[in-house]
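Let me begin by handing over the structure; questions about it come next.
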């Protein structure tokens, strides 16, 4: 039973990283980023490419993945999102289009496939990452087998959640982000450069997604469409936990990850997902603000 | 003996212990223009929210011409005859002025009764009257969102008249208006007096002087005083609570 | 009938479209007609999205749910009519997949051959299948709409719920393999039979069933939104609270039009099966549901004809592009790019672009009377 919980936790961790990025972006900017899953996918491909072309192992590739996806996120905000602030719901559509583009970019090896050039590590097929040596050792605590890689995932996630918390609640930048989350017009009136903060926020959220994708690459095969289900799961977590609530997102990710994991093992994967979906629908209808949203009237 | 237009009886609402409106009672007679005064935070807008159904009350009653409309759903209260004009003028910005008024003048609100294209004679007449009253006949085909601030307020007012509302709640109807626009609004309200009952929240005292039949003062969610302008100006408690000792200007 | 400039052109566009659709068999062979019939079905889906999204302001990301249910309903009847379901010695027709999955000693009858197979019993009557294909998606839409709109769920949460629902139902269909044949879907279907005539998907008459269905849906929906209720619906989209305070039961309007939209999608599903002879869980893929929104966005989310044409156009080009794998992948990238550009620069889609061009042309060309005609509105 303990290892079932453990697996659930590690899945929940990746879910949490995705959801963290989503909730910050949606909470601070009202932007529904349907390209978030694809950003994670790019993070995974960064890991693949770094391994092949730069000989970097998974751990060393983390900052690279963050950089790549954060830059991509920043570009997306500057070029596309910025023009849609007057009609924010349309960001859902625009980012979906960007998601399609990103997927195809990978499939077509950045367009070079047209010229017959193949880039190793990209293309329509599956890729994979080999885990560093350090992870092949297995630790035991009594009967319980502690899988090192899954533990690594949980640790990295906790670390990033902690950093995010510090950023949001202990820095001047974080105050600005939270101010914008509460009331963007008032924040602007107080002299906060909403545009700059928005770009950086979007970049940060994207970076988190990139790392999530990289971590996922160590667990599953990497393919251009691996991101599609991630954004859906991510949004389910955000909506259940309460938009903009850090604690809510953490609890919700843990909860949904656990439920999914437990039910998947106890009966089957399909039923697990169906159950989670049904649960989310009920939560939205019962408490539209999410489980942890205690805003007043 | 006909019931007064609007009767509030011990109306109150409490948000986690904080009483935004507390045991408020008031009677407004048909055709009256009652002005509601009070400092910011006195509970005036909340009171309007309670009457129109935007917020559910936790105590007391609201009666419209004797009919209990307490805590009904917004559209039922509206159908009963209450119209509400918001502080930030809310009209259908993406529709034309004409369409805004057509929507307002429609007699029956249900989906099935509106599966038709033609307007009834009654609706046409009401439409024409409203257009005449608010003076927007030149702007009918413009997009409502393109109207000036003053014109938007009058459009909203026109929609309320077209709605057939008998009791109209006006929340700062002259906010953001020029002197000229304020005076036009005052004459509009005076034209509507008698056939409509109005409850007006306002801060512009010159405007209040033009339109008020009677004034009710609210303070901290409670009913503080009521009477003509002169009696309110002279009222010690009102002075202390809200105006300082400088009097009404 | 006194029509404004825009109304006259709209009438012309509708008429041109109807004529083009009806005359297509003169220039297209059976293979292309069949393909085009499917695009017409997608056009219907574009209409459903435009109604829900453009007019009602409800972004349904799970329209495929109604499409898929409609498809499965008619498929069940058509499956039972298929030669592959006729088993000598059996009392009732039995779908082949049920036979393969049955216990060796199970009774060869629809009532009990596998778990849940009795659900198929009434589908032996084709009329039942047709009726269910129309009614069940509408009923589901009504129930979902009622739950969502009574609770005043709004904005992005509606999109998330509808998205979660289509994914959920897709999983349910896959899970209940004994009844639905899971991942494989329902294939080897019989042909639709009306009045003794069999409708082979490659017949011209089958094309006309789809074409006339699409035209009827287009025209009826256009009339619906021209009604007062359509105007009020747009008002609720613009400012739901304002509509409430004018006395309108906003939820009732939303439920009504959401249901109509689901009904259209369900009928589209039925027509799709008639043209393509299969139903599959892929109809409930998220990507498919979202692509319907893409079609409407490109064609014009607030224009029924625009969304319809947008859907047909994108799918026609996509099919041509998919001839080669490289081109197919590149086309998907182009669709993505087109979509982003449409959202950024053409918020009213191609229909909006057409309207703007028309306005600009009118300003350039002086009329015979030497002055611009003033817009009249019909009452």
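In this document, chain identifiers A, B and C correspond to the written order of the chains, with residue numbering beginning at 1 in each.
We take it that a residue touches a chain if its C-beta (ideal position, glycine included) is under 8 Å from a C-beta of that chain, and two chains touch if they have at least 3 such contacts.
Since the model is a prediction, treat every value here as computed from it, not as a measurement.
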Of all chain pairs, the one with the most contacts is A-C
If you average the Cα atoms per chain, which one ends up farthest from subunit C?
B
Please compute the C-alpha centroid of subunit A, do the same for subunit C, then give the distance between them in whole Å.
33
Separation of the C-alpha centres, subunit A versus subunit B, in whole Å, is 48
Distance-wise, how many Å sit between the C-alpha centres of subunit B and subunit C, to the nearest whole number?
44
Interface residues, subunit B side, partner subunit C - complex
52, 73-75, 78-79, 83-84, 90-95, 98-100, 102-104, 106, 109-111, 114-119, 124, 141, 159, 163
In the complex with subunit A, residue positions of subunit C that touch it
59, 147-148, 151-153, 155-157, 159-161, 163-165, 167-168, 171-172, 174-175, 286-287, 290, 293-294, 297, 326, 329-330, 332-333, 335-340, 343-344, 347
Subunit A residues touching subunit C - in the complex, by the definition given at the top:
32, 80, 83-84, 87, 89-90, 92-94, 96-101, 103-105, 107-108, 113-114, 124, 228, 232, 235-236, 239, 268, 270-271, 273-274, 277-278, 280-281, 284-285, 288
Residues of subunit C touching subunit B in their complex?
224, 226-229, 231-232, 234-235, 238-239, 241-250, 252-253, 256, 375, 377, 379
